[in-house]
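Each structure below appears as structure tokens.
The same chain A turns up in both complexes below, where it pairs with chain B and then with chain C.
Our next item is the complex of A and B:
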């Protein structure tokens, strides 16, 4: 008994379910993958019952799924033999130039979800402390959603029902894209860093999508031992304007005591593609999590970060930089659950919205009874650059402990006419002034990146993009 | 004292609930409908009030619609689905009831017990006192008295009960009833439209500045009855009125339902100040009884430069579900919302506002102070929507929460939707508690802990109380102190 839905939505759902069944048929005789088969089955069951969320769901109020249903998606093709996917898709290193930082990284390149040996580099920097497993049955089966300890309720309503909110051992992962990811789980990437190990070079995971009307279903797991430290750079890019792809990524990050993880999340798909990404982070005592999300592309994207501060003194920092233009819809949401005392969380989310684009931000800070001395702060600032741009935000607090300092701030508006005047009075052209102010506004979240090489590189990349910012036809208060 | 023996039972009950001094029960002859809700009941209510056909049609239409609506449970409050058949939808003191429908309802006919009740609540019904307030007193389903009417009518101001307005000013009522909150607006508004009991009707003509504060006092007396008042307030061009609202109910061990609808229409350059001190019975320590306060309040600033200001002090009710809203249609119109919501014991409050900016240069301010103590939950839920046409709209929102004790919860759920780039909106929310050093500072100076808390809390709420009319501000401060008693051990 699946719920009512429009025909194209049903079509997509059924197509995805068939793919899942096909995977199961392929794996049914493989004893090593028995667990995986059962889990795909369970996820399909869930999906069948819930169907697609509608705007009536609190979490989907501002984000309609229509663009997803515009055309059907099939799972991306994988090369039959052992050929390098770069060869099949005709991707060369030169084409990746824009995505490659000027500093050394351990670079893993995937083309349509398949590892490309020829494009990857810097692998000799991998030492014994770092283990990278790909597409291994055991490793994939180890991706259990049960590991999402402490996460109580992704979907609307379910969490409201649980009172008092306390980190529970029972995961309640009920999100349609989690189910889809689970249902189509086949390849995966597991990265483990041994206790006390410090990885000097950043790990670069570059996902290139090239196939039209294909879904790339990604699952990544990071596990950092106690006091381990590493930085990684996630990139999801399409190399041309052509393919309409959909990337559905689920990441699980588990940080041991005192571990330090820094993530850069760079989403730059073309203007037809779709992106859905969820990252679950489970933090032990005194661990640190820092993430910067750069949402630059995609016709329709939704990224969600769920951080559970489960150990005393843990620290989480989440930042978003989103430039939304054309017909884009960019939805960024975070949920930060403080489950232990003395934890800190900091967030800065900045959106520049222009043309007919829509930006959506939703942030929730939850503080459980036990989480005394919590320090949580969330800021959302939005710049609207055209009369048809739209921004919907919902910064939320849900607090059950009394000795806490929690706040959120949120502001939306256009560029201050005084600022433009100030620049113009000093001989700066109006368009240039707008660009300057927009750049300064948008780049702020990057300031907290400690590695200067990384920071400068990203600064330059975003600035270059913004240089293409068209002359604005409209700005109230300084009509000419 | 015969009274003492007569009310022994009630006194016993009261001694358990000393914090709620309005919790007494008035024993008087009443006419109460049988429990249950169906079309016959709706028709009977209408017949009882001798209503014209259009009013009955309005009720029936609403009732038809309501039957097909699901009960909303999205608020951050837990309650079992209500059994709407287990309430009585009409109750009135008999003595007064006989006056309704007659040509000259005179004040002598107020039931003495009812008058005593209002006297005990500090509500003057004789209108003789030197108070600057005109009062409409509503007891269960009917309005029992409206004071100072003559004085007001000289100025052309209509201040009467809703039932009277239906008879005396049908054109006005027909014009405005359901114009701001249509009968199909939401579940409780639909229910209210179907079974609306009584309420207040205020009409201030063009250019008139109402010299006294208008006030309504609501009292739910009977057990297992619902009160569904309907209030309509119309301020014509260039007029001004300040309207106050107070409420209380006896201590009962079952939930009582209060689903009111308030519609405010503010025309060009008019100003309305709407203040509420809500002190419905909040239920006892074990979460038994109390009022379910599901209220739809909305005002429209129709004309340019209109101003609507909502001020509320919410201390009572087991569950509060209330979002006084402003629809800012007129250019340069102003909406304001000042709120103090205090929850204690097992109260659950989900309250806030909606500011819908439609006109150009519209401005809105939201100041919300939430205090939670005991095992309560206090939620601010607010919407600021700036529509594409609202050039240069401006909103400022500040939501501060304070937690008193570590068993309560404070939540903030703002919704901000901006569709016009020239609009400027800011939102701030903080959560804090009473600092130990603040307490120590006071105690060191010989101020008891209880008084110190009361002082600090009043300081926290000052921004809002300063918006309340003087007498109300005092009452609100006292209420706050009483409601907080025993919350800090």
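Our next item is the complex of A and C:
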């Protein structure tokens, strides 16, 4: 018996469940997929019991799901035969120009979730140390929610904390998008890098969505052997303003001892689309995780990172760069669990919010009793460019060890009028001054990207976007 | 005449408290004028009103700059036409490099003069050439505008900006406040190096010390929103010996 919900919310839930059942009917005679069928059913059962979160649920108070319910979604269509999805969707390489960096990558392009051979490139650079498996039933089955249970929350002897970090097979309303991902699981991408291997070129995973009222359900797993090192660039983009797409992505990252992983996460969906993304990171001793999330698009988006520092001396750096405008809602949240001594974590989350848009940040640092000498820092800074722009932010610390250095800070404000006047007094026009100051504010998180070609490219891309910063209400208000 | 201020009245925009109460001032090209006065006389208000800060509202009177109505112009327009304000408290702008800030600024002013913009390389060359004038460290251009600068460094950076922009009128708003003697000399040297037959200065200050190094042509005493006495450099000496009291008293009794 599922909980009460508005008709359109129920409609969406039922549509998704029907899709799940259709997948299971298709797979029911395939013995290799028996486990997968059972897992879809289990997830569907969880979802049925919890229903959707509402604003009464603490973690959803500022992030209402109404925009998701505005239309039903079906799973994205896949080409019937072995045709390249680029052909079906009429996507050409020229249309991807804005997404292609000016340096070599191993480029995997997916159109509506399906691998496109014609748009992918640079695969010659893949050597024996790197394995990429796609849409393989065994590979999909290899990573389960059981694995994610390893992402236990802070332990203070017993399970502490208001709720466990990991999605469980117990129904939990906070995990609805995990359950949806599981319930509709069909395509999977597994990346493995052998121990000690260093991937010279970044791996670029470009997800292009083109279909209207369709859900692209993605599951990706990264496994880096000990002392392996790689960088990947995730991109989720729409190529036009038209289709209303929903991308629900679940990523699992497992870093062996001393492994180094750097992720650039570029979300640039159009203003009708929705994005839900969860990334679970499990770090062994002395591993390093660095992620920069660039949230530039989507009508409504929520990205969550769960990082578990499970081995001594591990280091995690998480950054957000969000430009939120128009009617957008952009929610970025992190949960960083220090489970071992001498780990460090650094976070800088910056939002520029304008028009009637809303930004939401929620960050939690947990320190287990065993995690002595933890050094954790989290900063959230927000620039509000219009009187109607809104930012809800909630940094949290939960510490059970006694010898730690942890801090969190958050600040939201307008552009300092003195800064604008100073620039004006040097002949710089007011709009130009606002752009200059906004750009400098927003680009700061990129400074920690070590690869200069990557940093410059992202810097230029975001700068070009901000050049379009329209006449701002904030300024109109000042001129009166 | 470069600057002609006529019966200027100004009030705080928020609250309407009158500060300037009929101020008259004429500055010709090449002249250096000092405005002195006790705290609360309206010195900083005068600088702010001339530069176009929105915190003050002009309630009466006129000000023309190079024959044009100054009070009608936006702050950036005033700057483009050659008015420069050296700030009492230069502002920090995190993340914006001095290079970007000043290249944008220099090119805005070049545009006004009908000159082509300087590209990165030409600007760099120009910026380096002006550096020695004020003993600036060469890493200045890559640092964020005034971020992490000491008080003296900030003022010096303002002087450096002035050197780059080559304005017609430089208004120095208590640039000397909070400076030690060495920093003060650097500021004075900067001003003296930029003095020319075309360029005028309005040096607003509370103390005579800066003026000892700059040697203004005219000295005005500002009190209660008006200039109550004007003279030559000898007035500085008189103020140093007698303080403001006597001038203020004779002004009050004359009313």
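We adopt the following convention: the second predicted complex is superposed on the first by the 449 of 480 C-alpha atoms of A that agree within 3 Å, B and C clash if a C-alpha of one lies under 4 Å from a C-alpha of the other, contacts with A are read in each partner's own complex, and residues count from 1 in each chain.
The working rule: contacts are C-beta pairs under 8 Å (C-beta built on N, C-alpha and C of every residue); 3 or more make two chains touch, one makes a residue touch a chain.
These figures come from a predicted structure and were not determined experimentally.
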Regarding the shared-chain residue A:70, is it in contact with chain B (first), chain C (second), both, or neither? neither
Should A:427 be classified as contacting the first partner (chain B), the second (chain C), both, or neither? second
Would you check which partner chain A:355 touches, where first means chain B only, second means chain C only, and both and neither mean what they say? neither
By residue count, which of the two partners contacts chain A more extensively, chain B or chain C? B
State whether A:419 touches chain B only (first), chain C only (second), both chains, or neither. second
For A:133, select first, second, both or neither according to whether it touches chain B, chain C, the two together, or no partner. neither
Residues on chain A lying within both footprints (that of chain B and that of chain C): none
Residues on chain A engaged by chain C in the complex (per definition of touch): 416, 418-419, 421-430, 432, 436-437, 439-441, 443-444, 478
Which chain B residues qualify as touching chain A in the complex? 74, 76, 78, 377, 388, 391-392, 401, 403-433
For the complex, which residues does chain A have touching chain B? 58, 62, 160, 163-164, 369, 372, 382, 384-414, 474-477
Can you list the residues on chain C that touch chain A in the complex? 51-54, 74-76, 78-80, 84-85, 87, 90-96, 100-102, 104-105, 108-109, 112, 144-145, 161, 165
